[in-house]
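Down below are the structures I want you to see.
Shared between the two complexes below is chain A, which has chain B as its partner in the first and chain C in the second.
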Partner chain A sequence: MFCDFEKILEDRHKYARELKSSSKKNMIGYMCSYTPEEIIYAAGFIPVRFLSSEDNPTLAETYMQTYYCTFSRSLLHQALSGEIDYLDGFVTAYSCATMRLAFENLQIFGKSPYARLLYLPGIIDTPEAKEFYYKELVRFKKDMEDLSGRVITDDDLREAIKIYDENRALTMEIFEGRKGDPPNITGKEAFTVTLSGMLTDKRDHNEMLRRLKENLSSRDALLQSSNRLMIVGSPLDNLKMFDIIEGDGSAYVVTDDDCMCTRYIFGTTPIDYINGDPLKALVERYLISRPPCPSKHSPSRYAECVSCPFREVSCMEMVPDPRRKLPDGYPFKKSQRMCRFRHSVKLAINHKVEGAIIIQQKFCDPHGFDYHHMVQAFQSAGIPSVFLEIDNVITTGTLKTRVQAFIEMLEPVDYVIEPEIRTAIQ
Partner chain B sequence: MIVGGIDIGSLSANSVIMQFVKGSSEGEILSYSIIPTGVDDYLTAKTAFDEALKKISIKFDDLEFIVSTGYGRINIPFAKKNVTEISCHARGAHWAFPTARTILDMGGQDCKVITCDEKGKVKSFIMNDKCAAGAGRSMEIMANILDVKLEDIGDMSLDIKDKPSQITSTCVLFARSEVVELLSKGVHKNDILAGACDALTHRTLALMGRAGIEKDFIISGGIAKNIGVTKRVEEKLGVEAKIYHEPQIIGAIGAAIFAHDAMMKTKGN
Partner chain C sequence: MKKEDKEIKKSALPLRTWPFLKQVNNSFNNEIIKAQQDGRSIILASAMCPQQLAGALDTVWVTGEWYGSICGFVKDVDLCEKAERNGFPHEMCSYARMTLGSMYEDRSFLGKYPKPVAVLGTEGLCNVQAKWFEAQARYQNVPFFIIDSAPALASEIMPGTESGRWKETTYADSVEFYARQIGNALEFLEWATGQKANEEKLIDAVITQQRNEELWDELMQLWRAKPSPIAGRSLFTFENLIISLPYRHETTRVLEAINNELRERVEKGIHGIGNEEIRLLWQAQPGWYILGIINYFESQGANFVVSPYLDLWGAKFKHRWSEGASPEWFRKFEEPKNFDDCFREISKSIIAQMIRPRIAGSIKAIKELAIEAELDGAVFHAVRGCKGVSWGELAEREVLRSDLELPGFLLEGSPADPRDFSEGPAMRQIRTFVEQVKRMKKRRGLNKQVAN
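Right after this comes the complex of A and B.
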């Protein structure tokens, strides 16, 4: 059922080379999910996301110290080693400082024909930030036009947005099955779906998703008595992690807030904007609609959120424990801002999660900084969590012990959710 | 009802044989053994049980249920179930001290802080993940390079001659080269050992800080036998620690209790 998706991931470089020759399209590589792929796509290129590999990132270590995450070093290493020389250019949005460093080294030493860093402010949901990013997108669109030798019209952009939004909508529909008890797809399969989509033409991927949706309707249920887990944290593109968590069938990852899965696909482009300036629509989608990355999300700022009655505590209190009584005045006036903690806990409750695995890529600053708040957010909803530190090479030993011990300590949760809470958290 | 627990750690393998009176959850230890872990987990486990069985008139086949734990827990064919050492240490500590709520397990290659409820069920846990510097292996390395017996380290480290040396707490290999340098400067062995115990204590405290401590506080694992470390941990935390007379077998005790649980469950069904 998932073979088409798995085939892409099996040897992604081989797949990309074949796709490039069969589609006669050029390819642009990007790192961060704040990069507006739609502009690349509208220029007639195929956007391909950089994923880390288990190879030792030796070439990157000339330019980057080993105390930067292996994810960033691995990306630079691949660019320097020629493994991804099928790419015709590189672009990324400025997420965290480490990724910027990796990208700038790639610009200087990577011998690539084209490389642009799209600047992005630290706080992204203000009018100033939107204006700033809009100007970056105008420049980037011009670059893409120069590189492809064709003018990108508003309709080209609208068409690209349509394809991307369809991809997001289809994936989210399929992921609805993860809410079931038991879920009808595993966490590994969910990540396989999104990761493969980052490496192929979205139009083809949409076809694959439509077929999958149909096939899933006749699929047998997964094992019944298993724990429902959630993954949050640093980008996870190594599927071996799922063999550790789901391998023996004692638990399934039923949802996540991870840049390689739901954080990448959640949030469609606001319809009101598409008919106007499509670049403005993209700004809205990337800066406002999608769940934020911790590198663009300040816990202190959200604790001051005007609509939060618990602002002296923290805004995460806005999601109450579904098994407790509702706090007075609930539901509160909805915040205009997308709060990362609230988003994660909401996902957990909607998927009846029994435990959260907080995955931290070694030396990942943004996720390290908001770890404490994330733990508190889950605690406020009565959901236990465990911390796992990973590297680009996933070894089973202590990770397995941690995951197994965590599953052993989980208590069966009686997820009877009061109807009014159910409405409030939908 | 006779059951067995086997804890195959990175440095030692510990077996425990327990007897439970019918209808009671009160178990007693009939015998136990502690042997160095070999390359083959199965052989190690078998040898550990043979050692323990030697002391009593019970045969291996009399063990009705065996649970394995520790790093080697997966590859033991005669163990009908495996449970992580985290759950086992909590359960074992709870058996030894029913008031146990926080357990510091200092083993050969890692160090864990576990909190549990009044039934001995794990509530939360933290493991060190950087390096063996926070664990028993570093003490073995110290003993080796200073040419002292492992069991003497504790007393020597408390008998400070000048002042404790400063030794890194993040890397056991760096610590080793620091010790070589200190020796060449003529620093007394006791002061170096005091520094090594300080470093290990420091690592442990960082973990304890994140986990939080609730009384009663138990120390288990091989390092619990090192008074140089346990005294320092108690001093820094200002909390008295309870230590079982053989702290190294706490995990195996927990495994044996899980074996009894599993039997009761199958019989209940």
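Right after this comes the complex of A and C.
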């Protein structure tokens, strides 16, 4: 059922070379899920996401100290080693300092004809940020036109947005089955679906998703008595992690907040905007609609958080003291952006999660700082969590021991949630 | 450290300005303590936030980096451990862990942790400068505002890789974007402190900071005279002025005094260390708990005479990294007449600083510096947990080695957490490095003689 998806991931470089040859399309590599692939696609390129590998990133170590995460060093290593020489250019949206360092080294020491760090604001829901990002997209679109030798019309962009939104919608429909008891697909299969979609033409991937949707209806149920887990944290593209968690059938990962899976596909492009200026639609999709990662902020969430039941424990921004009234004259509007912690807890509750695995790439600052608050957010909903630090090489033995111990201690979660928390997450 | 290492070959005269500097630093500490007692507004912020805004309001502006550095200097490791016990990983910035630990324990070198009325963070140089301050604001239950200084990261602003096509518009857009956010930040601070910003005072703060940065340029230039009139170690103490008190008049007075003194020293031939034999570059902030290690370098006739990290705070030098790439208007200071002018000048200044960590610019600049300051080698402090500052050090070291045959040494540590530094192995490596620098200098001299 998942063979087509797995085939892409088995040897992704071989697959990409074959796809390039058969499709006669050039390919643009990108690092971060915030990269607006639709513009690349509308220019006639196939966007291909960089994934890490378990190889020792020796070539990157000439340029990046070992206290930068191995995920980013692995990406640079692959670029410098020529493993991804089938790519015709590189682009990434700014996400974190470490990825930026990897990308800048690639720009200078790699041999790509085109490399562009696309500036995506760190503060995402202010009028200034939207205006600036819009101007960046205009410049990026022009670059893509020059690189492809063709003009990208608004209709081209609308068509690309349609294909990408369809991909998101189909994946989300399939993922609805993860809410079932038992779920209809495993966590490994869910990640296989999204990761494969980052490496192929989205039009083809949509076909694969449609077939999968049909086939899933006749699938035998997974094990009934397994524990329901959630993954939250740094980019996870090494599927060995799922062999550790789900390998013996004692638990399934039924949802996640990870940029390699749901954070990549959640949030379609607002329809009101598509009919107008499609670049503005992309601004809305990438800055507002999709779930934020920990390196994206909003200066005005302060006003909104005053009424948040998570205020006692954590939240993206804070006004923890309920007795304190927000004074008149607060100079900013309410944030449009969703709260990361609230989003994660909402996913957990909606998927009846019994335990959360908080995964952090070693040396990942944004996720490292969020850990403290994420644990408290889960606690507020009565969901236990465990912290796992990972590298590009998954050390099966030690991780398995910890995961098994965590699963063994899990008990059914009493989903008696305070009404105000339930209201907050809806 | 071995006994013989401690012997300073020839001691230089102490600085006359030193007591003046200490007085200003002590008076700033007292100002914070008094503000806590009197209920005067304290703003806690990242050093990369526009500090001139503090001048427009009656506030005391405490930068987390300065606070963390003093905690590191007094080796208060318990504070780091406290932050780690609260779930903040050891791999994170040690300034952040020191400050968070101080907040949880409510104690510091100032007595109690200075409770702010508002917190300002920034996103751009690194993610920590946002997340660290966000965590403090949450715990302190005070309003938080965040400024995005990352427009400097757009590709078109990266010297050496820009196509040129978007250069003008990207700079203009970035300056406007940042300037508007500064306006928002001031509005936020007015709301948080219940004060009305004073335009005249803001203009004065912007002009004073510009003046101080120009004086800092001059200090950097005097420092790299051959032989240098000041020991490199001293500059790290002066750094506090330009990082934590950049907009203040007392900073002007200290910088004027030290520059006059150094000019006099250059004229009279007074050296910073007794016998300057080799000239080195120091990259990144120092480990505040291991400043003594620099004594060893000095005992061997090695002086640090230049630092790209310290250059970053100068009015002219901060533009070094974008020279040839940035438009002229961007590098030129225009005296402000009103709020908007102020926001625009601050915006240009901070964006220029943010360009420093772009690798293409930094490897170009470090080569120029090495030639200009007649360097013999470089020490790169690989600062664990500080991804923004130790950015690109390996590429810089590689370029110095391959293009100028200058040896570079990577000293791994952290600015504030002594547990990240292992003195024994580091000293062995430093001894070898100093010998290597001397040998290579000799060889270059011989090669030059042969060539002539």
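In this section, the second predicted complex is superposed on the first by the 375 of 426 C-alpha atoms of A that agree within 3 Å, B and C clash if a C-alpha of one lies under 4 Å from a C-alpha of the other, contacts with A are read in each partner's own complex, and residues count from 1 in each chain.
Rule of thumb we're sticking to: a contact is a pair of C-beta atoms (placed from the backbone, for glycine too) under 8 Å apart; a residue touches a chain by one contact, two chains touch by 3 or more.
Keep in mind the model is a prediction, meaning the values are calculated, not measured.
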item	value
Touching partner for A:398 - first (chain B), second (chain C), both, neither	first
Which superposed partner A:1 touches (first chain B, second chain C, both, neither)	neither
Touch count on chain A, higher of chain B and chain C	C
Touched partner set for A:105, first chain B, second chain C, both or neither	second
First, second, both or neither for A:96, with chain B first and chain C second	second
Contacts of A:221 with chain B and chain C, given as first, second, both or neither	neither
Which of chain B and chain C A:294 touches, first, second, both or neither	second
Partner chain(s) touched by A:135 [first = chain B, second = chain C, both, neither]	second
First (chain B), second (chain C), both or neither touched by A:369	second
Interface residues of chain A shared between complexes with chain B and chain C	none
Residue ranges of chain A in contact with chain B within the complex	384, 386-387, 389, 397-398, 401-402, 404-405, 408-409
Touching residues (chain side chain A, partner chain C) in the complex	61-65, 67-68, 94, 96-98, 100-101, 104-105, 107-109, 115-119, 121-123, 126, 128-129, 131-132, 135-136, 139, 294-295, 297-299, 302, 314-315, 317-321, 324, 327, 329-332, 360, 362-363, 365-366, 368-373, 375
In the complex with chain A, residue positions of chain B that touch it	71, 83-87, 110, 121-127, 129
Touch list for chain C against partner chain A, complex	86-89, 91-93, 121, 123-128, 130-132, 134-135, 137-138, 141, 143-148, 150-151, 153-156, 158, 160-161, 166, 169-170, 173-174, 177, 180-181, 184, 187-188, 190-191, 358-360, 363, 382, 384-385, 387-388, 390-395, 398, 410, 412
